[in-house]
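Read the structure below first, then the notes.
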Amino acid sequence: MASVSNKRTTLKKILPKTPSGIAGLDEITEGGLPKGRPTLICGAAGSGKTLFAIEFIVRGALNYKEPGVFMAFEEKSDELAINVASLGFDLEKLQKQNLIKLDHVHIDRSEIEETGEYDLDGLFIRLGHAIDSIGAKRVVLDTIENLFSGLGNETILRAELRRLFGWLKEKGVTAIITGEKGDGILTRQGLEEYVSDCVILLEHRVCNQISTRLLRIIKYRGSIHGTNEYPFLIDEDGISVLPITSLT
Amino acid sequence: MASVSNKRTTLKKILPKTPSGIAGLDEITEGGLPKGRPTLICGAAGSGKTLFAIEFIVRGALNYKEPGVFMAFEEKSDELAINVASLGFDLEKLQKQNLIKLDHVHIDRSEIEETGEYDLDGLFIRLGHAIDSIGAKRVVLDTIENLFSGLGNETILRAELRRLFGWLKEKGVTAIITGEKGDGILTRQGLEEYVSDCVILLEHRVCNQISTRLLRIIKYRGSIHGTNEYPFLIDEDGISVLPITSLT
Amino acid sequence: MASVSNKRTTLKKILPKTPSGIAGLDEITEGGLPKGRPTLICGAAGSGKTLFAIEFIVRGALNYKEPGVFMAFEEKSDELAINVASLGFDLEKLQKQNLIKLDHVHIDRSEIEETGEYDLDGLFIRLGHAIDSIGAKRVVLDTIENLFSGLGNETILRAELRRLFGWLKEKGVTAIITGEKGDGILTRQGLEEYVSDCVILLEHRVCNQISTRLLRIIKYRGSIHGTNEYPFLIDEDGISVLPITSLT
Amino acid sequence: MASVSNKRTTLKKILPKTPSGIAGLDEITEGGLPKGRPTLICGAAGSGKTLFAIEFIVRGALNYKEPGVFMAFEEKSDELAINVASLGFDLEKLQKQNLIKLDHVHIDRSEIEETGEYDLDGLFIRLGHAIDSIGAKRVVLDTIENLFSGLGNETILRAELRRLFGWLKEKGVTAIITGEKGDGILTRQGLEEYVSDCVILLEHRVCNQISTRLLRIIKYRGSIHGTNEYPFLIDEDGISVLPITSLT
Amino acid sequence: MASVSNKRTTLKKILPKTPSGIAGLDEITEGGLPKGRPTLICGAAGSGKTLFAIEFIVRGALNYKEPGVFMAFEEKSDELAINVASLGFDLEKLQKQNLIKLDHVHIDRSEIEETGEYDLDGLFIRLGHAIDSIGAKRVVLDTIENLFSGLGNETILRAELRRLFGWLKEKGVTAIITGEKGDGILTRQGLEEYVSDCVILLEHRVCNQISTRLLRIIKYRGSIHGTNEYPFLIDEDGISVLPITSLT
Amino acid sequence: MASVSNKRTTLKKILPKTPSGIAGLDEITEGGLPKGRPTLICGAAGSGKTLFAIEFIVRGALNYKEPGVFMAFEEKSDELAINVASLGFDLEKLQKQNLIKLDHVHIDRSEIEETGEYDLDGLFIRLGHAIDSIGAKRVVLDTIENLFSGLGNETILRAELRRLFGWLKEKGVTAIITGEKGDGILTRQGLEEYVSDCVILLEHRVCNQISTRLLRIIKYRGSIHGTNEYPFLIDEDGISVLPITSLT
């Protein structure tokens, strides 16, 4: 068994991880998100996807000196800034310090009617500029649903997604893409299977009128990780995941 | 951590809220609905969407000196007035005092057959006039389903919705849009994800032949809020939400 | 709070109600169905929609001196008369006394094939004549499903329904329209949301081989009412609703 | 209350019934199936529809001197005869005595491909001849699914069904039409609502590996009847329904 | 009651049965499968349809001197032989003895693209030759899904199935056709209703991680039979059904 | 009973098996996967399909001296290498030793748009070369969904799959094909029924916030095997199946 080595500590270095900076998550993932690869954050409306993604960018900029680009297809930059202000995140200041870059992409009706679909190449150019302008190491696309909802043909959809994920990998950035779970067009197609190395599901479950927020790692290629459902909180300190069950 | 501040009281000022005037709700939302932004009220037929919206307008006019426009796509103005009379709301008097403005928009068959869809620009002009005529600070559109049910293409639907929500934000009004949950075309598409800062779900559940009305805040961008299901009543004083579970 | 009055007894006069004459129902609805407005009665086959509607017409004619038109799209007038004879309703006699008018509308295949849809204007003329001929105060359309099942386009369907309901309101009659719940095309579209002031659901539930009939008021615009499920019986005295749970 | 009479015994004569001859059923229905009207028997494959229908014809011929036509769209006449032989039914002998008439209608592929649908007028002529040839009072069509499965347009389907049911009523025969419940095209459309005076559901439920057969009257226009689920057996004496719960 | 006889033993001879040779089954069916008629065996992948069918052929050849044709649309003849070898079935030897005949029909892509569907007439010729060559009394088609999956029009599908089943009956062979339950196109259409005299369902249920195989006779025209779910085993002796509940 | 032999040990040799090398699995399958035939591994995203397949290749190369080809339609070769490094698999070294061959097939958008589907013949050539270059005895295709998602016509899809499976059998390789369970296009069509001799399902179930991984052999033509659900682990030693329930 020449090429089988069992020394786990050695091998762990091979799949590099980036600490998310989100309390509790890096513990469950044994080090954070896959470095230089895209992660898919799924969940229904209000489950916390945008907060998760923005905290990933802010913590990266502040705690790990990794500048980050946040590309929003829904919320405008100033709205976003207001929305997370109560969490103690001062997006404007971070922007001025070139630690983060917020970009709101508006997808117009006329644009869709003409071409039938959004131009991915244009997105690459724009995102590339944003990354280069601050030397970004982290990228967020919030949400992928908006980008692709007009694409009817499933095979082309998958090919385009693969192109997007491939482009992000080539850029070497650690990326978060958010998407709707279950009801959305893309995830209904099972896109997480084909295009993502790491898939995390956020849920907001109401049971007997009491609500709980839960996080679960659906898939993490190349990594051992906690596989249970972990409760998490959203409060004035952002997101805190409680790693209250032991690792598998 | 230069730009991270933990002083909650300071930050709370950043996302301004407007008291709804609905008993109990402003407590659960820690201050009311997002000021100058649209809120989506979802629920099945009879769940109380229209009552919720009208009380928001009436309380605004009477308690907070904020004039309001109520644009109805279903009920006629006089019908509406009769319907809420037993709640102690005298819509006619409020109209005469220029504190509120009721507008019933009739969507005609011939109109649809010609153009294939309702003209959003016409709506903007009409709504704009109504807002300006009384200096409205609050706006209701009841219900969005009627407005968009004819639009087949999902991408265009989303773009148009974004246009509507964007227009409302630009106008600076605090708006309520009502929509059907689950069965409706729009909410089936997950529209709440993309176009709304605040989503509230009303439910009328029957269990063992006993009915309960429940309110839940599905999503509230930028705000801490109660996340459980809260019982509410509709009686001669309007809607009263019982904040009987503690905040998360 | 100038225009807010809390005196319930005063306000109750504002939304006029018409006693249905159905035992127990007028108690649950605090006075009957909305006067001069259409009510939708939903339910599966055999749930009792037709019986409910015919009793509304018969009780109106006999107890409240309100002549009534029953427009059937399925059962022929003589069949209908036979079907309710065992309930003690003598439709033929009532017809001769000009207290009620039964009209069976046959929708022909060739008609549909030519025009693609049933002509609503023709219905209005016919129904108008029937109403005028006896000075009807009550109207029943049984069932709406038959009338509209050929209409594919949802937006047009809604516009046409609104036209029908609007026409009935203008006529000032208290109307009952019956429709299938759940499986029917119209109710699947959530029509009850858009076009009806009062929606009542009839159910026939079988549990452990024992069947129960249940009535529930899904929605009653402008009125306080019991919201639970109430058992009801169909026997030789017609329909009797048991108001055995307390009002909300 | 001039035209309301409460004497049940008198009124019962008004909706004439025909005893089915099936053990237990005439008790539950307080006299049998509606005379001169069509009844729909629904149920999955193997639930007993064909047996029910054939016993109705055989018992009519032997016990009530009512000759009957059995029109089968699936089983051939000799197959049918063999299938029910073990129940003690000698179909061949009954045919020779002109008490019953079996007719197997074969729907051919080429026929469908040419015309797109089966010719209902041809069926009327053929069925009319069969009825007249023996002076039939009872008719069975087994099963309706075969007859109409090619019709895509729902409105036309309903119109055609209404035409078929209307034709049967004009003929004055007491008829049974069988159809599949739930999964079939027709019943999925809720056809029982529009075209049938009496609807009976047969079920074959398996629970914890033990099977039970159950019969339920879904709807019976113009008649009081048992509304629970009644167990039934198929053995060498045919079908026996156990009226083990009391009438509503 | 001239033509009603109650002597069960006499009548039992009328619907002739063929012993399947499968342990336990002939007990539940009171004698085996309907002789000279086709039986449908339904079940999901791995439920045992092919094994059931092959054992029917092998037992027929060895125990009852009835030669049999096995027409496979999926497994090749040598694969089939290997698959059942561990059950003690030596298909090759049986073939050489002209007791059975295995025929693998390959449905080619190009063939489908040209004609749009497989040629049933060709199948009849081929199957006819196979039957004649060994004087077969038993026939298996495994599986029907493969044969018809390309047929879109439901009415034509039914007509073709009826043609196939009719052809098999004319040939006088006792046939087994296998098909997928629930998920397959054909059974989704409820084909078992229209074309089969005997329908048997095989299931492989997993409950709390423990699996059980179950057999149930969904329908058996013209025959009394056990109607419960019966456990069965697949081991080195083939299939053994445990008739552990009493007959209905 | 001339050709029926009951000596199980003799017959077992007839369906040759290949040890997978995955701990516990060869015990449950009584010897491993069917030699020279394709096996289908089904499961949702993150269920472990890719790990299962790669371990099959690595263990084959190291433990059984069977070189293997891994053809990936999603993960690139170097990504794959990194992903399994922590399991002690050194793919690069194995590649250099010509014990395994990783091939990443990129399906391009333009390619699809031109031809409408991926060219299976090209795949055969490429896969053939890879097999020949190292004398591979094992082959993996990960995942089949990617390969066929563009094919709309179900009959052609089945024919093509049969062609692929047939080609693999002719090549004499022991193959694993991975596919999505339930949600995927292919498995929704029930492909496992028609094209696979051995089907294994991997599941990742979460119950009360605790997750369990489970393996189940849905189908294994020609072989006795454990049929229950078996828990399995993924840790630094790869996959370990716990055969903790006894064989059927």
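Here the chain labels run A, B, C, D, E and F in written order, and each chain numbers its own residues starting at 1.
One rule holds in what follows: contacts are C-beta pairs under 8 Å (C-beta built on N, C-alpha and C of every residue); 3 or more make two chains touch, one makes a residue touch a chain.
Treat the numbers as computed from the prediction; the structure is a model and nothing was measured.
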Each chain counted as touching chain C and chain D at once: none
Least step count from chain A to chain E, where 1 means the two chains touch: 2
Copy-to-copy rotation for chain D and chain E - C-alpha atoms, rounded to a multiple of 5°: 60
Most widely separated chain from chain D, with each centre as the mean of CA atoms: A
Chain A and chain B, separation of their C-alpha mean positions in angstrom: 30
Geometric centre distance via CA averages, chain E-chain B, whole Å: 61
Numbers and ranges of chain F residues touching at least 2 other chains: none
Chain contact topology (line, ring, star, complete or other): ring
In the complex with chain A, residue positions of chain B that touch it: 1-6, 8, 11-12, 14-15, 153-156, 158-160, 162-163, 188, 190, 192-195, 197, 199, 214, 216-224, 227-231, 245, 248
Touching residues on chain C, where the partner in the complex is chain D: 44-46, 50, 58, 62-63, 74-75, 79, 82-90, 93-94, 97, 107-109, 112-113, 143, 145-146, 149-150, 180, 183-185, 204, 206, 209-211, 213, 233-237
